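Below are structures written as structure tokens.
Next come two complexes built around subunit A: one with subunit B, the other with subunit C.
Take a look at the complex of A and B:
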């Protein structure tokens, strides 16, 4: 027990410090909440126009509204384009020297930081958005989860989704060691991920073949799964299959990212003297 | 105990010449230049010794420190520090050492220094009681009382460096590596850092490896000097030995009203300004009294001082001697 506590301690400390830091940026949090609220409203109105044409839709309007609000509330949790500027600077400016001087594995240390950053941001921002969204008038209101089981499924897959997106981010950081200019990899990753993760348009709206590719990609294992499970758009065996796909991607990305960071570490050149 | 044997490190640097055409060509075919940063470096440092590691820029000082602190993996050679290999047993090894890179910061930029310290406490798994005791000592010696609650970004360079040094000692390491710890500091901060390191050595018997360009650091702290140039250890000895070996030259400054400069073997004119001459005297070739006599015979002396040649000048002449 004591051993467990002492091995968890450094990670808990990284978490705590990250939260302390995030709490300092109140204005940024407020601005984030406002932006996300407006963005969510815009998306919903856009879809409203689409639904009014009477076209056949793969999600009910209420499911879609809930999907959008949850997405905006937990933006920081799932968007791939949230980078930790400190980590990138570490690699490109040479502060990695201090990171490697710590008695911790680099991958685990950074992975913890990434998860902590996303979680602290999301927790700080989700409450007002969820609150307002659940008080809106009827068609635009965020509904309660489809069932208690759906809610549990949402919590589980959201947590795993957070780990998957953190593992994806770590892959990008790993590549930054080799390219040194983080821009290219990041822009590419963000553009592809954005589309395939269902951040722009929920995956059920995709044409059949593209939808299949997207749903099996690691990007769909991030927000697509928890948000659709919550609203009941995805349930039963189908949800279970996707949960397995999610687990597969998590393990695969951990293995890949771990290997990449190890390789990078061996040939690390500390930039700037 | 630190032991390095035949450490080698080569960096591959992309070669790119100026100009658009060349840049376009190197887009398709990269050429690399190999830079031998370390070319067979070997030395041993017993426990409790303070070593000044000196050499011009780009000589390989920082690379050596990074290898000893587990950050860089060398291409060849062996290194053992307290029974561990820095790069193979990195995690265990770094728990026993402290590192300060004068040009970088290990403090979290936007939180109070005390929060960064608490994080380090947890990362190194230091017991609370032990941590409080160490922190009290460090706070007193480095005068951190007022600044512990300040975010790192608001500290002056001198304050920050004191915090950096404290941060690297919170887990009471046996060995401390300092890579240019006094860079950019004002005189009083430099002295504070030196005094602190002296106390540390006296009270904890910490082994200290220090790289610096400030010879006053070396003079104040180092019992032993290692000179590195072009990736090789050129000289290894105590400060006194160095002085003796290089003649223990004296610096002669004469204030004169006029006359001619004497020419004698062992007497080198370093500087000549109207009314002020500076000589370096090599007592092995010319006793200092003879030099003064020669000077008095040819010039109207008003004042005369004799001093030991400064370490700064000594090191400069060493760099010149070894062409580094």
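Take a look at the complex of A and C:
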């Protein structure tokens, strides 16, 4: 037990540091909240126009509204494009030497950092958005979870989704060791992730075949799953199957990213000075 | 103008030194707006129309917005990093030179990596014209060009607005992204889809609809009111308060001293 505690402690410290740091940027958080709220509202207004055509839809309007609000509230949790500028600078500028001197594995340390940063940012920002969204008049109001089970499923898959997006982030950082190009890989990955995670349009609105491909991709294991389980759009066996897919991707990405970082570490040359 | 081309040539030269990164960035930019394109395609495929507009018609709105935004971005992105210019004292150097401040900030940065977006916008134009059934008379083409041009000036004015605010706050005001990036995102569709109130907002407060929505009705043959030709020009009125704020800012400016 004692051994466990002492091995967890450095990671807990990392967590606390990130939280305190994030709390310093309250003005930025406020601006973020305002932007995200407008974004959510405009998306919902857009879909209202589409739903008025009366065509058949794969999500009810209430499910869609809830999906959009949750997406905006937890933007920092799930969007791949929240990069850590410090880590990137570390890789490209050579400060990596300091990181390598620390008594923790590089992969685990950065992974913890990514998770902590996303969590602290999201927790700070989600409260006002969720609050306002659940007080809005009827068709635009965010609803409660479809059932207590759906809520539990949401919590579980949201947590796993956070780990998946952190593993994806680590994969991109790992690649940065080899390309050294500042924006290229990141903007590329972010564009693909945005589409396939259901950030541009929720995945149920994709054409049949593409929808299947997207849903099985690691990107769908991030926000698509928890958000749809919350609103009851996904339930029962179907939800369970996607939970397994999510677990598979988590393990696969963890292994892949870990291997990549280890290889990069062996190759890394730090110039003195 | 000659001086601007000199600046432009220098930026171009420095860019060619980082070719691989430039290419990757361009592809990435392209992909980002391509996924926006796919989003429109998926939704229009399912619903067929939105407030009476068809897929190729919506694409025309998307293309005009994207083209004006990326043009503005290519030439006026210097204003986007303006807070750092104030912070590191670069603006002092600008004030010392015998040329207008606005001109120098514009010339300080040329963002050719935004070419990816530009390319996407041009291609979208192609698809919109190719799949649509509008007959393209000279007056419609002229109006479309005018809309794009005024749109570019409008977005550039938004960038200047963001920079002018920096004079008073030193830090950039992130909230303004709602209008810059937001303008680009929400302008993918005709601004009327968001409802009457939103259209009114985009007409009188942030007059994007004046170049994005109303004149398009003429281009699409929904209206034959020739007065709509003046609508994009009217959106340029937005320049007045922005220019005023900029002036005020320059006068208010006190160097950080570093």
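Throughout what follows, the second predicted complex is superposed on the first by the 270 of 273 C-alpha atoms of A that agree within 3 Å, B and C clash if a C-alpha of one lies under 4 Å from a C-alpha of the other, contacts with A are read in each partner's own complex, and residues count from 1 in each chain.
In this section, a contact is a pair of C-beta atoms (placed from the backbone, for glycine too) under 8 Å apart; a residue touches a chain by one contact, two chains touch by 3 or more.
The shown structure was predicted, so the numbers you read here are calculated from the model rather than taken from an experiment.
In the superposition on chain A, contact is made by A:105 with subunit B only, not with subunit C.
Of the two partner chains placed by the overlay, only subunit B lies in contact with A:97; subunit C stays clear of it. When both complexes are overlaid on chain A, the residue A:178 reaches neither subunit B nor subunit C. When the shared chain is aligned, subunit B comes close enough to touch A:268, but subunit C does not. Looking at the shared chain after the overlay, A:6 reaches subunit B, while subunit C stays out of its contact range.
Once the two complexes are laid over each other on the shared chain, residue contacts for A:14 go to subunit B alone; subunit C is not touched. When the two complexes are laid over each other on chain A, subunit A has no residue in contact with both subunit B and subunit C. Of all residues in subunit B, those touching subunit A in their complex are 11, 62, 66, 69-73, 90-92, 94-95, 97, 99, 101, 103-106, 108, 110-111, 115-116, 118-119, 121-125. Remark: subunit C residues 20-21, 24-25, 27-29, 31-32, 34-36, 38-39, 42-43, 45-51, 113, 171, 173-175, 177-178, 182, 185-186, 189, 193-195, 198 touch subunit A in the complex. Of all residues in subunit A, only 27-28, 31-32, 34-35, 38-39, 42, 45-46, 48-50, 52-53, 55, 57, 181-188, 190-192, 194-195, 200-201, 205-207 touch subunit C in the complex they form.
Across the complex, subunit B is touched by residues 6, 9-10, 12-14, 16-17, 20-21, 24, 94-98, 100-105, 266-270, 272-273 of subunit A.
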